[in-house]
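This is the structure I want to talk about, given as structure tokens.
All chains are identified by letter, namely A, B, C and D, in their written order; residue positions are counted from 1 within each chain.
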Amino acid sequence: MVIVMATDATAEDVDAIVERVAAAGGEAFVSRGVSRVVIGLVGDVDRFETLNLGSLPAVQSVTRISAKYKLVSREHHPERSTVYVGGVPVGPDTVTLIAGPCAVETPEQTLEAARMAQSAGAVLLRGGAYKPRTSPYAFQGLGEEGLRILADVRAETGLPIVTEVVAADDVETVARYADMLQIGTRNMSNFGLLQAVGAAGKPVLLKRGMSATIEEWLMAAEYIAQRGNLDIVLCERGIRTFETATRNTLDISAVPVVQRLSHLPVMIDPSHSGGRRDLVLPLSRAAVAVGADGVLVDVHPHPEQALCDGPQALVAEDLQRLAAELDALSGVVGRGLSTWWNRRLLAG
Amino acid sequence: MVIVMATDATAEDVDAIVERVAAAGGEAFVSRGVSRVVIGLVGDVDRFETLNLGSLPAVQSVTRISAKYKLVSREHHPERSTVYVGGVPVGPDTVTLIAGPCAVETPEQTLEAARMAQSAGAVLLRGGAYKPRTSPYAFQGLGEEGLRILADVRAETGLPIVTEVVAADDVETVARYADMLQIGTRNMSNFGLLQAVGAAGKPVLLKRGMSATIEEWLMAAEYIAQRGNLDIVLCERGIRTFETATRNTLDISAVPVVQRLSHLPVMIDPSHSGGRRDLVLPLSRAAVAVGADGVLVDVHPHPEQALCDGPQALVAEDLQRLAAELDALSGVVGRGLSTWWNRRLLAG
Amino acid sequence: MVIVMATDATAEDVDAIVERVAAAGGEAFVSRGVSRVVIGLVGDVDRFETLNLGSLPAVQSVTRISAKYKLVSREHHPERSTVYVGGVPVGPDTVTLIAGPCAVETPEQTLEAARMAQSAGAVLLRGGAYKPRTSPYAFQGLGEEGLRILADVRAETGLPIVTEVVAADDVETVARYADMLQIGTRNMSNFGLLQAVGAAGKPVLLKRGMSATIEEWLMAAEYIAQRGNLDIVLCERGIRTFETATRNTLDISAVPVVQRLSHLPVMIDPSHSGGRRDLVLPLSRAAVAVGADGVLVDVHPHPEQALCDGPQALVAEDLQRLAAELDALSGVVGRGLSTWWNRRLLAG
Amino acid sequence: MVIVMATDATAEDVDAIVERVAAAGGEAFVSRGVSRVVIGLVGDVDRFETLNLGSLPAVQSVTRISAKYKLVSREHHPERSTVYVGGVPVGPDTVTLIAGPCAVETPEQTLEAARMAQSAGAVLLRGGAYKPRTSPYAFQGLGEEGLRILADVRAETGLPIVTEVVAADDVETVARYADMLQIGTRNMSNFGLLQAVGAAGKPVLLKRGMSATIEEWLMAAEYIAQRGNLDIVLCERGIRTFETATRNTLDISAVPVVQRLSHLPVMIDPSHSGGRRDLVLPLSRAAVAVGADGVLVDVHPHPEQALCDGPQALVAEDLQRLAAELDALSGVVGRGLSTWWNRRLLAG
């Protein structure tokens, strides 16, 4: 059961509901968004009905939800949501292009990649300072030094930053620099980390676990939402199958499936799903055509020197072409406002 | 090694090459197409080089091919091919819409479905007379009676017919009625059947096995090609993964991957991959955007009464909308001629 | 619904039931075994109940069956079955060792492999004359010549023969030579072939499709049973997963799962599942320990010269050791009679 | 390259090597075990050879290792290792039975389960105080209160404790109570957690990620080893596949595959792989037969009341039977000493 509070509800109104639910043997999870508070109730729903909470003036609505996930479901929130990242919208009206290097290596490489991204029309900069690597002997990222580089590049370019956090202990540090916290595929079921980013007050980009079902992915989002953060963007990045021609198999059907079940925006990462530069363009077109709310791509000024995932990184001309094609497609799929195109015009 | 004969090469020229290859300890597989003969050589390639076959006047070209598949590879044939089915092109310049009922049930249902397909702009009619079913107690199709119904509907509407063949013994019968022979996912590795359709003189629609790698799929095509038939259209229809929200997982990346490896056209079947009506439209858009040469969809005048796969069949309005959206997209992806749209205008 | 006829039931008794079922709008599938006839009914089961068929003297029992597969289910036949192959039992009391070369190559190689198999204690000889190969350019087997070699080796050694059939047209020929017909993994869903072997009057070894669910596998067995042949032995041979360290992933849990659902014997093929010689011994031990009714292994006198799957073939000492270990294990798992050990003693 | 130091090597000897490697442009990872120090070198191996480190008196051996994982590989340590947990050996000479409840719920339930485990012959007690759950609304474990219960039960029964840790921040707390730290399947790629347990000074039970390849699993073990802890036991617990008859597919082949690649002990968890009580016994038998060093099973005094995974928990008689069967099998597979049987005899 989910309770949406009226916009003028006070903290006391919320506390009163939490107490009544507890007295009825249930638990209330309070989620404070920018404009309103929602409360998820867990326990004996029939008993909650007898509390007649919907009649309280501070309550806007009360909904019974059958899905296992509550706050992220469309039963709770029928309209598709828009999440704002440093002022940039990600949602049903736009096609958002996020680009940047897989890993932050040097100030120069990061700035150069950001300029490439921006000139093509990307509106958010991605880049990893903390890298989860399969091998302990592989490059693990620059850590906080990488975050400082990203912050400098943001100051230079104006692009808000999306960057990964891999440990609960780092969340506070990363949140101090980043505009959006990314949870990578290997951490989708790291529930302590999900709860930590849920409490960090920054939008979250939640990648799908490479072997997670769609239901498990939405449950992971619910972990974040339950801590009071509904500013979540989902990102499909390929699942693990028997096929070896691609690094993973992009599950493009996941986009419309998720959009029926959840109000959260959904993006696609064509770089990590295919693992091949030549697939990024066609998969990005497919992403927009299927209805994704944006794409997230790797770029690198010198892919052959990249410390991480060079074979899939786009160079400048690739990204220009990708942006132009996505722009043409976004009109066809009825997305009136193509974020990056507008930005480009404004940047004139 | 693949030898392409000159257009005026005679049967004697071909025999002479076969004998020289045999004398050198190799095997020659002769493939007779409409306009030319190609010969695939298997054995010690370095020894074949010493035969200097390229210098024979009847030989147009000799190519060494490193892929396991020879005739269907782009090494052998760098240009992407167009396959003609009853005069309808399937290839790089068009987006071909094939529609029809999963199973032929009655003359009325089949004609009604064909009219739906045609009025939306479909240019080929699909429909199953022989149905491979998991259960021996399920409806197995009408057999030759179904083929007669399809032929009658073709006479009525002018739409060429695509229909499945499930046993080598039926190939001759099916080929007498059909314009294109379909090999279903469960028979992709039924090598005797592949060889039989390879010799039947009709274009083939080869669906990917639900657990076949892309390489295995191209090897299956090679079985057909090796019997002299290069009029093959590949069709991705979803692979088997751990995800249960969809019937199968559409491997959309397979389209660009295959197009780099093979010259054969590639279509997508969004109906069988998702198994859900609501996914057909977005997946069809993704198919065109990623570069597929067409889509193959299930339609049924009364899906709730369908003997087979009703939950995924489109009704008339769905198909109209799908055709209109694909038409808009095909311009964006640089396919100047949208087959069905032109047909519709001509039918005007 | 399944009807088991009394042992003295006549053909007229059977016909009478078929007619009554047809009159009630249903279909009756008659399955004639060695000692009795069973009839599977498909249609409105509640209506069949009103026919009161159980009261007929020629009827021994009538059972409603909820599983999708009827004749192969334990609901129909609660006791686990024993299948006899040329007089050799495969079932709950024995651990049957089947060994032989992947492919029949020459009379010498086949006889040598058979001697190896026999001296270790194998009681059935496997060997392929018709090979389904992924590549049309790979060795496809010797065909009928291979069958003749197998028959000669049987005459020489006394070992009954298990050999694969890959096309419905070949069933009659293969059945003339073989004691047991094998359906390979690629043909598990080749329903026409299943029906043909169902009618051939020889026991069948049905390998699991490499991406078939257990339910689909039992449905494939039902196709055979429905044509009157319940002498079916199932064989798990690995499924396709993301793991690449082994050729396939042996689904050892399938053995106890199948044994709860079906009365048919279940064997394991450790050679094809792992694809590595060093795994054959431990996987064979696991097979017996989990409760499998036998194992099926590749042997070759000279694996380095094998035309097919050399890397997984055992040599003589390997097989001796394997047989000795399985013999020790079969006592522990309560299989009083170890077939091959007894044979060896007898042959003493 | 891995350097094993002599047992009398000093901290200065180690530092000297680290410096020489750094001067040669490489990195040295020092791993301090109970009886010796090993140093893993990453960088230009040919350059390291020129340093001639093997000639230093403090160095016992220098080995070039081609696998991506170094310290856990058999190249580094050819003999299979035995790990001691509170004095109990897990390794090549024994079959170790670990049993206990999935989750610690109450002192009574935990003690009752421990008594069941012990009387059957289990030598280590498992039980979860911190539970990683797919849903934020599911029971998450008792936390430190659960650890205290486990410690009390250990005091009562003498059974050392194996318990899961799910967050790096909890490692210190859990290590204070536990004899062995378990890393669950969802955290196998939580590299920060792996490093934290690597530094905690307690043996580690590392479950395989449900979609991890064997190589990725060994790389995860390397993360732990690299922090100086080689007391690692691997545990196969089923991988994710298309089959739905079992919760996961037990990859039994992983045991011999891993044993060829790594010196670490490998156990099997038949409870979580199958997710069904009726599969625990046959899969445990298969585990011992394939060569696993032990099994880890769920038991519960009242499975129908369990807060977690009741359907797979064994009751007392099941466990007695399982222990007796494993005991019989361990003789057959040449494990002279069956830990639990001896314990039982000693306990008289």
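Operating definition for what follows: a residue touches a chain if its C-beta (ideal position, glycine included) is under 8 Å from a C-beta of that chain, and two chains touch if they have at least 3 such contacts.
By chain, UniProt protein names: A, B, C, D = 3-deoxy-D-arabinoheptulosonate-7-phosphate synthase.
From a predicted model like this one, the values you see are computed outputs, not experimental measurements.
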Interchain contact steps from chain A to chain C (minimum; 1 if touching): 1
More contacts between chains, A-B or B-D: A-B
Chain A-chain B separation of Cα centroids, rounded to whole Å: 39
Approximate Å spacing (C-alpha centroids) for the pair chain B, chain C: 34
Chain B and chain D: spacing of chain centres that average the CA atoms, whole Å: 51
Residues of chain C touching at least two other chains: 211, 240-242, 244
Footprint of chain C on chain A - complex, ascending: 211, 240-242, 244
Chain D partner contacts - residues on chain C that touch it in the complex: 211, 213-215, 239, 241-246, 249-257, 260, 273-274, 278-279, 282-283, 285-291, 325, 328-329, 332-333
Contacting residues of chain A [partner chain D, same complex]: 29, 42, 68, 70, 132-137, 166-169, 186-187, 189-192, 195, 210-211, 216, 219, 222-223, 226, 240
